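Have a look at the structure below, then the notes.
By written order: A, B, C and D. Residues from 1 in each chain.
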Amino acid sequence: MPTYLFWIFSAMMLLGGAAVIVFRNPVSSALSVVACFLGLAGLFTGLSAFFVGIIQILVYTGAVMVLFLFIIMLLDLKDEDKRAPSLAPLLAGLGLVVAFVSQLLCVLSRSPDQIAPALDPQALAAAAGHFPAGEKIATALTAGRLPDVQLIGHMLFTGYNLPLQILGVILLVATVGVVVLSKRTQH
Amino acid sequence: MLALLVFLPLAAFMAILLGAPARLTAIGVAVVNLALGLYAACTWRCACWSFSQPVLEKPALHLAFGFPDGMSVIMVLLTVIVTLAAVLSGTCPAGREKLYFGSSLLISGGALGAFAATDLFFFYAFHELALIPTFLMIGMLGRGDRRAAAWKITIYLGLGSIILLGGLVWLANLTGTYDMGKMVLGHAHTIDPAAQKAIAALLLVGFGTLASLFPFHSWAAPAYASAPAPVAMLHAGVLKKFGLYGLLRLAIPLVPHGLQVWLDPLLILLLGNVLWVGFITISQKRLDGMLGNSSVMHMGYIFLAIAALIAFPANPLAQPAAIILMFAHGVSIALLFGLADRIERSTGTLDLSDMGGLANSAPKLAFLFGIAAMAAIGLPGLANFSGEILVFLAAFWSYNGLAGLGPVQIACIFSLWGVVISAVYMLRAYRNIFQGPSVTTTESAADITFAERIPAVLLVLALVAVGLYPNLLLNLLKFVP
Amino acid sequence: MNSLPWILLFLPFVVTVVCQLVLRKSALVPWVSTASAVATFVIACILLTPSDLTLFDGPNGSGIIARYITCKPIHWASIGNFYLDIGIQLDKLSTGMMVVVTGVGALVHVFSLAYMEHDDAKARYFTGLAFFMFSMTGIVLASNFIMTFIFWELVGFSSYLLIGHWYQKESAADAAKKAFLCNRVGDFGFMIGILMLWGITGTLTFAEMAVPAEVSIGTLSAVMLCIFCGAVGKSAQLPLHVWLPDAMEGPTPVSALIHAATMVAAGVYMLFRVQLSLPLVNFHELQASTVIAWTGGLTALVAALMATQQDDIKRVLAYSTLSQLGYMVMAVGFVAGEAGMFHLFTHAWFKALLFLGAGAVIHACHHEQDIWNMGGLLKKMPVTGIAFAAGCLALIAFPGTSGFFSKELILDAAHESGSPLFWVAAFVAVLTPFYMTRLFVVAFLGKHRSDSAGHAREVGPLMWVPLALLAILSIFSGYAFINQCSPALPEHAGEFHFNTVAAVSLGALVLGVLAGWVLYAGKDKDPVRIPLLRNRFYIDAFYDKRLVRYFQDTLAAIVHFFDEFLINGLLVGGLSRTAASAGNLLRRVQSGSLQGYAFALGVGVIFVIYFTVFQ
Amino acid sequence: MASLNDYLLVSGLLFAIGLAGVVLRRNIIIVFMCLELMLSAANLSLVAFSRFNTVNGLPNYHGQMLVFFVITVAAAEVAVGLAIIVALYRARLTIHTDDLTSLKG
């Protein structure tokens, strides 16, 4: 991905994030989050993580943020009324962020930088040997394409079977929990 | 058999929680336990009175019960007698039967377990088990300032237990075993003096707090004053003896030299119990507060016996004296608390100045309370006297008239004044409640009914039997397996 | 025959138990109790001449208890080789005392049958009497100190029961309590004495006591004083005498039995028993003896002074009892216990007579007790009056009566010791006839001064027969033959020699009677009023107001305050307050504010990063 | 082509923004959104590492596995969290954290 695209997506993401906390209206904040996540999905794509980028958009921007908006509508939230902004928490929060960012910069300035290894057709074709020949993955790799979705599926259903099952149970429990929680109590 | 004795109340507790009829179950189990206890007193040398079940391999914990000597038998006997009396007396607030009777059984089961356990861990754990329902009952069903009383007893006993735990863990570490029998047999003289001194201090403070040794006593009176009758009976009568039992069972055989270091402070503290708390008892305006303090005061005599045993290890009188007095005090204070509860139900008050002439309307109650009060005063023919006289004799065991009086004898002389003090407050209470002309609270007070008399008579019988013939208990102490 | 002493001891106990648990309020109780008292009297008389019992020679002791038998004891409590026994020691002292106890007891029982006839709670009364008989028998027969102490406490308890018989009356209830507490105070010292003596002699059994030579005189003196404390309580000597006059709140026969003839004499009996059992060369050397003698003498004096100004017939007699007990204690202090016991013996009969006579009078006058409301009773109640007069004569030591012989011996002992106490005793001998003359003249002679006295009639035979019997004994029990029953007999008992002492005592008698007659004959109200004596030297008031209220109650209040403040407030409260304030501080951290927690979390993260990455 | 540190910097900044939002905002829904931002920032780091540390010439898919799980769990968490917020709002009629201090000791 060209560097300028990286910076564009990054800027979109960071500005979206900043907008979340700046806007007073929750709906605006939610839409800012959507913008932020779109930028993030761009960054994912730039990192050749196409599947993750897609589900970032589908799940987060599509499902989660719609859920947020739905709840905001449901609760019929208005603009946050202007409370007297207390200075101390503001300063403390900002101080925290500044401390964190300075630590981050410090760490990054010390750690050796790294350039992304190439994912050109030759390298991919070389990797095809690790997969059963004739199957989709090997074929695609030999052809010089990155079969991102197939690789993730392969990994998920070979190395992460049990966690996947558990994840299913977690989702089920969450579903039941949400139903129970949102049921009005009778009294 | 012994496991049955201990687990029956606990099983009954579970059954009550699961919906068994609370009062009937509790009474039934208490009766069975009383029978078992009496049977145990006759036959405890047979093998059926021991039980051992390994629980953990490392450290080697056994859920083990047994009667290593007559002392446990007597304490178990005390527990079963008081338990039956406790579940029979007192009235349960409507709708709280499960809590009320279940807790009583749990306390009883815990006390039985603690007195019969031969494994250090369960010795401690069962006592703690019995404390939980005590707190609950005081906090939930008590009267007066029950919250504060429950908090106070919880914090005090919790703190005492933790200090005690420190001492016990130290002991277990030094001896390398949790089996109390092995501990005493194998390590009676192997603990080095410095460690003995520290352990003795921990045990004295820990067990002392549990047995309301001055100045760790101020939990007792408010707790007993606000506790429901069965809890006051069971705790003051039985559970409090655990501290003394522990001192006799563990501290004296294992850290005798350490205890000797603390002899003089102990003597001063027990005089605090007898005299200081005695004066406090005199100044009480209410019967429940008076009884609560008097139970603290009488602990002083038992500590005197323990001090006599510490000072003269060869003293044959001290241990039996302490045990008889523990039994006697347990029964008599339970009787007093049970009857005090009955008085409150008759008159609606426990304030001494609000009553008078109750004997006119309730002569049977007056008779029973009179016996209980006289027992507490130490009238011969009732069990407390048997214990007290032995305690005093034990304290003078080493005196021969050639040397002057030793510290134990001087403490004994001072604590003899306690006999006067207890007569003062008991007679004052009896005078104010029962004698003189009737007043509004007592005019139409109902006398104690036949059913209500049963627990009182049971306790009176125990008092009279031991009072008339203390050898009944002393003979149990003769056998050394 | 060996079981006879046990029957003597346990018959009243069985009767008590049966009465209390089986008969309850049945009309049989008085009769069962009386029958048991009479039966014990018979047994006591049989035991007096134990011809078919082997008398062992005692290892120690002189004369009186040189020959004794002990019954095989019951081990009441046994620990190893240590036994606390219930045993019986039969010797001249105990058998003689038993005759007094059971004799007076039986007569009082009979008298009570009539006196308490209309009482609602007479079952309780007679049960109490039976229990008292049991306890008193126990003291007398005791073979060891613990047994003495056990029954010592039990008589105190039965006395408590009987004084408080009419517990509905505030004064009776208070008097019972006071009696018990005074006795308890005495027992405090008594117990110390027993314990120390046990330590010194190594035994509790009277017959086996031996004092090691190394024990210092001072220690022994202290022991004797401690034991004497018990006698001070039970025999109501100064300063614990206050309970006895108040004990007159009990029914009058009880006063006769317990608070005149037997129980209060137990202190003297016990002291004498100890003196005999301890093989000490010379009790004169002990300072304790002097203290005992002076206590007795002063009690005799103070009580006699107080008796001169009492209006209640029973109180006069009560103070007179105190005074006579003082005589006996003084005799023991002069190591003339035989004289003391002899006086105890004669005094028991005539004081029981006086009290029962007073009881008959009170009964006849519808519970009128003030002598100034009586008068002229001799004509209305001739038998009672004459019997009472006989008792008076014995008490004032009229020559020829039993009291004369026994009192003379005590005065002899006092004279021999050369102590100034002799003159104190002589002065008491003036006071005694004075107040008794006052009592008799005011109550029995002259005209009746109230309706209740005017309607008085002679009492029935159940009452006057015991009076008559006692009157005979009062006059003649000093003479040989009857005086053989006395627990202890001095050498010249029943004989009369004219010497200084006799002259002094006769002079005192004449002086006292004359003074009494002149002052009180024909008077309608008391011509002499001495508030100090009337108010009993303010001793009771001092105890009540100062000692009990200020000292004890204030002390109790102070201690209570300190307990609340120091232990509850500072120690415990301080701990709990420290914990609470620490908790309060920490509570601020728990602000409940979400952002606060998040901020704290963030700070924590910053620190974690700092320490993991930058260190 | 951006380097690893660039990605990490961006990810860190996003995290910081999220943190600032959590600490500063009082609307609990916004706080919740900011939490999602922070999760996403972590995801970005994970994917970046996955891409920059190749295995056999391919990106390290273990890292993306983690991202996959995070996203899924986050979805469940959002569902439950929002349900709790709704319940909370019903009970207290506010979602302003200053008013929700029942846990104050």
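Rule of thumb we're sticking to: a contact is a pair of C-beta atoms (placed from the backbone, for glycine too) under 8 Å apart; a residue touches a chain by one contact, two chains touch by 3 or more.
None of the values given here were measured: they were computed from a predicted structure.
On a Cα centroid basis, the chain most remote from chain B in this structure is A. For the pairs B-C and A-C, the count of C-beta pairs in contact is higher at B-C. One inter-chain figure worth recording: chain B and chain C are separated by 35 Å, centre to centre, where each centre is the mean of the chain's CA atoms.
Distance between chain centres (mean CA atoms), chain A to chain B: 68 Å. The distance from the centre of chain A to the centre of chain C, with each centre set as the mean of the Cα atoms, comes to 101 Å.
Centres computed as Cα averages put chain C at a distance of 93 Å from chain D. Contact with two or more other chains is made by residues 89, 92-93, 96, 100 of chain A. Those residues of chain C in touch with two or more other chains are numbered 595, 599, 602.
Counting partner chains per residue, chain D has residues 19, 23-24, 26, 98 touching two or more of them.
Taken as a contact graph, with one node per protein chain and an edge wherever two chains touch, the assembly fits none of the named shapes, being neither a line, a ring, a star nor a complete graph. Contact between chains, using the touch rule, shows up for A-C, A-D, B-C, C-D. Those residues of chain C that touch chain B in the shared complex are 75-80, 82, 84, 146, 149-151, 153-154, 157, 164, 167-170, 173-174, 176-177, 180-181, 184-185, 187-188, 191-192, 195-196, 198-200, 202, 212, 214-215, 219, 223, 552-553, 555-557, 559-560, 563, 567-568, 571-572, 576.
The residues of chain C lying in touch with chain A in their complex are 595, 599, 602-603, 605-606, 609-610, 613-614. Put simply, chain D touches chain A in their complex at residues 1-10, 12-21, 23-27, 29-30, 32-34, 36-37, 40, 43-44, 47-48, 50-52, 54, 56-59, 61-62, 64-65, 67-69, 71-80, 82-87, 89-90, 95-96, 98.
The touching residues of chain C, when paired with chain D in their complex, are 586-587, 589-595, 598-599, 602. Interface residues of chain A, counted against chain C in their complex, comprise 89, 92-93, 96, 99-100, 103, 106-107.
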